[in-house]
Each structure stands twice: as structure tokens, then as C-alpha cells.
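Shared chain: chain A. Partners: chain B in the first complex, chain C in the second.
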Partner chain A sequence: MTVGGWQPARVIEAVGATPSARLLHLQVPGWPGNDAGQHVDIRLTAEDGYQAVRSYSIGSYGPGETIELAVDEIPDGEVSPYLVRDVLPGDELEVKGPLGGYFVWRPGGAAPVQLIAGGSGIVPLMAMVRAATDAGAAPSVRLLYSVRSAEDAIYRDELAQAATDGGVGLTWRYTRAAPDGWTGHVGRVDDDVLRAAVWEPGREPIFFVCGPTGFVEHVADALVGLGHPSARIRTERFGGA
Partner chain B sequence: MAVVSRGFGARRRESDPRLPPGQYLTEDFPVLSAGPTPRIDLDEWRFGIRTETGGEVSWTWEEFQALPIEDVDTDIHCVTRWSKLGTSWRGVSLDTLLESVESEAEYAMAHSYGGYTTNIPLDELREGQAWVAFEFDGEPLDAEHGGPARLLVPHLYFWKSAKWVRGLTLMDDDEPGFWEQNGYNMHGDPWTEERYW
Partner chain C sequence: MRAEIATSTVDGNAAAGLLWDVFEADVTALIAVCGGCREGAPVAEAVVEIDDTAAIVRCRTCTHTLFTVLRHEGGVRLVIGTLHEIVRP
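Then we have the complex of A and B:
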């Protein structure tokens, strides 16, 4: 895995995913493919040469020259508002990657897989859901997805289908507002939620936890407290603390 | 000439000569960690150095606090592209710590509680370039930012500033640490963008 230089990419599709997030499909000639969970650097250049670079997780996996990003807008951000509001199919940007060799899932492992996402932390875990489903490993995968409300869930419909058709064990956690007909509690992920939704320690699951720093800190600490070894918990955090 | 992204640049930030290429300024303090945050009891905390010939020295927390402590004001740069300017730290210089050992090694592997490792050329830990820091912004260093103590090597990308550091192993030959085995550069100079393999 040697990362080359910047490669030109073209936006081929841009669709709303939530009120604040958009799915972008990028065509990257020569893209070498990527593992589920990897990320990519995106470089934008203004007409006067000004540049900005940010890293985004990739929601797609596998071979092919098209990658999918899901970008959530940071209100006072510089790059995400452009990608969520302004960019259109046909526009060009540059990518470098794929990047990262640790927060990665590949088929073939014997251990059950526990995915835990907060907000837009779902993106690299969606790539893992897709990879596991395609590999016939969906029944060994559970996903706990914490969102403010149902409309804030990126990939809501595809996840529901992965659970119904593919057998991924899906648990929603709503922190602010539950959809109509929801009978569970509303609130942040706590020990009770983790005990109920997560593979028990005796099954020796491997964890992938992704979300805002505070969410990941809380969940990872709680998992250790419930008896899961630190070495089996892989994390990816974003935002400040 | 780079590809121009139509209409990009309206929300641009001011550039700052203290920012290395490809970095942006942040006011908060993001966290890059591969796993859960380890919690280390100060009574059990040790910092040790093992040389290439097997010599060893180590300090308890109390012994460590009795060493000369320096104030460090510096900019820090994370490979995930944020930089934070004018951060203030307190800690013990690696020059002080390395005085206690005799070594002709050229590289060091930093080891952390929790199992993290990272490799650094030994001459980049000397001459006022590196510290074991235990205070940030006038407060004890938070566990999620590497407390009780982390390595501080601010002239390299911040993954080299190992959190929860517990010691150095001095080596004749360079070896990759944790992120260096997982896609990041062996050296990590932010000014020449030594980010990835």
C-alpha cells in the first residue's frame, strides 16, 4: 500500500442523505480499489490557486474506479459546506489514497464483528456492512447506530435492508427524538444499551467504533468496563475534545 | 497545474506562515487514538529507558517530578491535517533523561501504556527537541490527550508524540512503530509532508 500523488476525480453524483449530509460519488481514473474502513484525502483548489485539504472516510469498498463519500456539513467549516451545498455532478477535485491500514475490516476472520457508530461515524462502518454482506458474513456482524433522530441517519434505508435481507444485527439508538411507533428509550448509549445490543465478551468480538470524540471515548471506556479487552477495540474519532 | 474545483474558495481561511503545507488551523484539540484511552494510576506509573546493550534506568512519578521541568511553547501538527498554534506544555527534556544512559544507538522506539509504539531518530530527541510532558495549558494532561504523560516531539507530526508514554527502547537500526506499520511515514516531517508510505 504505497500512496501515490494527487489524482484528479470527477463528481458523478451528489444526493442528499440527511438535512446536513450528502452522498458524493467520485470517479477516480486509476483508483486501485480500497478496503472497507479506509479514508481518502480530498484537495480542493480555487481559481486563484488557493488550496484546502481534508480527510474523509470512504463508504464504498472493493475494486472499481468509483468511490462514495458521505460528507456531513460542519457549520463553520471551510470544505464540508462546499461539498454538501455547492459541488455538482461534473465538478472536479483531487484525491489521494486509499489511506489507513488499521481501522479496516477484511473478510475471512473468525471473530464476530461489532460496529458502533455515532452520527456521521457510520461512513467507514457502512463500507464494512457492505463488505460483510457481499462476503456472506452479515450474520456475524452487529451494528449499533446512535443518531439524534431518524432523519439524521445516513444510509437509513440501506441499513434497514441489510438487516432485513442480509441478516446484519441492527440496533438504533436515538439520542434526541425517536420515530413514530418507537417503543424503546431515547438517550445516549449507556451500559444497558451496550449489554443488550453488543456481542457478549465470551464471543470475543472485534469492535470498530467511529464517531465524535466524546461519543467514542464514552463507548470505548464503557466496553472496557463491560469486560471487552482494549486490544479488540479499534476506534476512529473526529472533532475536538 | 492542479485541477480547479469550480466555485471553491468562498469560505477560505486566512493563511498563516506557521502552518505547514496541507494543514488547517484548529482552536480545539482533536484526538487521534487507535483504541480506548488507557487509565494509568500515578502510583504505578514508570518511565524507563533501555539501551541497545541492555542497560536500564527508570523513574517513578515522584522521582520524575523532582527532575528539572521546562516550559515549552510550540505549534503542533497532526497528520490528519489540523494544526494548533501556540500550545503550552510543561515536562522534562529528553536531554535530561538521556543523560542517565550511555548509548551509541541511532534510533528510539517509544512504548506506551496500551501497547502503542512509534519510532524516532535519537538525534531528533536531543538538543531541546523533545520532552516527556505532563501538563497542557496549565493543567495536568487529560488521559484522552495522553496523560499522565506523553512524549512531545513537536517538530514531527503529532503521532510521533506518543500518548501514555512509559519508556524508550534505544536501537541501532530503525524499525516501524504502530502507525508506521499501518500506512504512515517512518520519519514524519510536517514541512516536507512526510505523511504516508
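Then we have the complex of A and C:
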């Protein structure tokens, strides 16, 4: 269910997640709850009436009137620098949603699930990790998370803790710098990484791939090349600004 | 900053809000069949160029413009391009 039109929302918490990203908790009166993977449109209005709209994935799921966004700052962007650097608890903005019925995970499917995130593409997949964990489905869910370095990983501590607690299977891929003690390779996600980290084609997994446009295109093409049908690969791409 | 036109090339997921304003329903999971190449794919998987005033929704296979959604005097307008049919899978 989506509540039509723009609704007022109040920032109730803003916490740094990485050097360039912040977790925002918004209270949205009348929010109908959301599925894991959905997003909201955020509208900011300047004093002179100028408006800017951007889409942000929701890291939380389920009922309740509070939602969590994780916003990564796009240098020279028009909206994200405000949300990452300036917005404070008590500030108000407008939201529309929850939006999107395609890039959504709901419990109950028989097929294993493979999540693949590039950078801040982790946000909707984090909602799926949380939903799968709460539904007891974590053993059939794996996550491959590609980040520049450990410091750039939104939700790093929560994911690492969940993985050690028998939750969703987690594979890190560091593209620029690995943490101390890391014995694996450093570099972009390639065919070898995908073969090692994702469910094999015979298991007929469903994929959710989210990240920058170039990352998603590369990963989706590689998965098809490895024998996964494109119809089982759901993707969400984000740009800048 | 405001002289900058913040256009992003993303996909149909990001057009869900604009399309909601047209249909008052989520249409991103529906299959859009392109009249240019006859390939069908979920609206969510289409190539989308979006800014504060419009979303241009293009076929991922042949790049023809399926349709355009424009904010229009406080409302919203959908202009059909090469879209051939919409299918609920």
C-alpha cells in the first residue's frame, strides 16, 4: 500500500555511517509500513519555493511509522550533501511512498536468494537481510558486498555481527583497500568472485543486484554469462545528484 | 548549483514515484513491450533518464523511447512513444 501524495516527515535521528554517509531515521505519520527493498521519493523545498526530488532506498521494513534511510553523499550533488551534512533531528521534509513493487523481497519463496550490493546499493538489500533474518530464512540468503574499503561499508558492524551469529552468508569484496589481516584479493567483482560467492546455477537462485549503474550492468551481464537466466536477476540502478 | 540540471541515468525503479502520480498504482513490475523491437521487460528494468521535471523511459534492448513522464503545471503527463503494450505477468 502506498499513501498517495507528499507526506510530511520529521528527522528524529541522524547518525554517521561512513565518512560520506549518514543513517536518517524519519517519523512519517500515517506511514503504512513497507516491504523490504522499497524506496521513497524525498522532496526538499527551499525558501524561494525551488523544489528538488530524489529517490532513496529504505533500509528498514515492516510496519511502524519510522523508516530508516542511508544516504551517501554525491560530491556536487544538489540534495545528498544537505541530507548527509546539514539536516538535523527535528527538521522536516516531505516523502512519497513506499514506492516500487519490483525490487522487493517477501518471505515464503522456495528458491535461494543472492543479494549483490555495490557501495550504497546495500541499503535496500539490508532491508532484505533484516527481513530474511526475522523470517528465519537467513540460511537460504547470501550477500556479496562490494565496497572500496571497510570504512566505506554502510552497516558494516551489523552485517558482520549477523554473519557470525549464523545469519545471512556474507562475502566482502574490497575494490581499493582491504582491512588489516585480509588475505583475499582486492579488486572489482569479476567472474571468479561471482563463482565463489554466489549460489550455483543449479540451485536456481533469485538475484537482487543494486548499486551504481555501471556496477549493476557489469554484474548482471557476468551472471548471465555464468549461466543464470536474466529473468531471475532483479536489478536496481542509481545515479548521482 | 541550480544551473546544474541534475539528470541521472538509472532504471524504472526510480520512476515509480512519477508513475504513481499518473496511475495511482505501482506499474514498475508490469511488462512493457517495445513497438520498436518487440522485446518485453519489466518497466523497472527500462533505461530511465530522470530529473526534477521528467523521466524518459527507454527500451533496454533497442534504446527507443517507450514513453516520457512530465511534471506539468502541478500535474503530470505521460506521453506514449514506441510502447506497444503493457502486460501483467
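Here, the second predicted complex is superposed on the first by the 235 of 241 C-alpha atoms of A that agree within 3 Å, B and C clash if a C-alpha of one lies under 4 Å from a C-alpha of the other, contacts with A are read in each partner's own complex, and residues count from 1 in each chain.
Simple rule for what comes next: a residue touches a chain if its C-beta (ideal position, glycine included) is under 8 Å from a C-beta of that chain, and two chains touch if they have at least 3 such contacts.
The structure displayed is predicted, hence computed values, not measured ones.
A.B. asks: So, on chain A, is it clash or fit between chain B and chain C?
C.D. replies: Clash: chain B and chain C overlap once superposed on chain A.
A.B. asks: May I ask you to decide whether A:P8 touches chain B, chain C, both, or neither, giving the answer as first, second, both or neither?
C.D. replies: So A:P8 only meets chain B here.
A.B. asks: Which chain, chain B or chain C, is in touch with more residues of chain A?
C.D. replies: Looking at chain B versus chain C, the one contacting more residues of chain A is B.
A.B. asks: Which of the two partners, first being chain B and second being chain C, lies in contact with A:T235: first, second, both, or neither?
C.D. replies: Both chain B and chain C are touched by A:T235.
A.B. asks: Of the partners chain B and chain C, which touch A:E78 in the superposed model: first, second, both, neither?
C.D. replies: After superposing on A, A:E78 lies in contact with both chain B and chain C.
A.B. asks: Is A:L99 touching the first partner chain B, the second partner chain C, both, or neither of them?
C.D. replies: Touch status of A:L99: both partners.
A.B. asks: Thinking of the overlay built on chain A, is A:T213 touched by chain B (first), by chain C (second), by both, or by neither?
C.D. replies: both
A.B. asks: If you stack the two complexes on chain A, which partner ends up touching A:Y50: first (chain B), second (chain C), both, or neither?
C.D. replies: both
A.B. asks: Which partner does A:L223 contact after superposing on A: first (chain B), second (chain C), both, neither?
C.D. replies: After superposition on chain A, A:L223 lies in contact with chain B alone.
A.B. asks: Could you tell me which of 57-65, 75-83 or 93-101 in chain B overlaps chain C after superposing the two complexes on chain A?
C.D. replies: 75-83
A.B. asks: List the residues of chain A that touch chain B in one complex and chain C in the other.
C.D. replies: Overlap of chain B and chain C footprints on chain A: residues 2, 41, 50-53, 55, 77-78, 99-103, 213, 234-235, 237-241.
A.B. asks: Under the definition above, what is the set of chain A residues touching chain B in their complex?
C.D. replies: 1-3, 6, 8, 41, 43-55, 77-78, 81-82, 86-88, 91-94, 99-103, 213, 217, 220-221, 223-224, 230-231, 233-235, 237-241
A.B. asks: Name, in rising order, each residue of chain C that touches chain A in their complex.
C.D. replies: 1-2, 4, 6-14, 16-17, 20, 24, 26, 28-29, 42-45, 50, 52
A.B. asks: Which of the residues in chain A end up touching chain C in this complex?
C.D. replies: 2, 4, 39, 41, 50-53, 55, 76-78, 96-97, 99-103, 213, 234-241
A.B. asks: Would you pull the chain B residues touching chain A in the complex into a rising list?
C.D. replies: Those in contact with chain A are residues 2-13, 22, 24, 26-38, 80-81, 114-115, 142, 144-145, 178-179, 181-183, 195-197.
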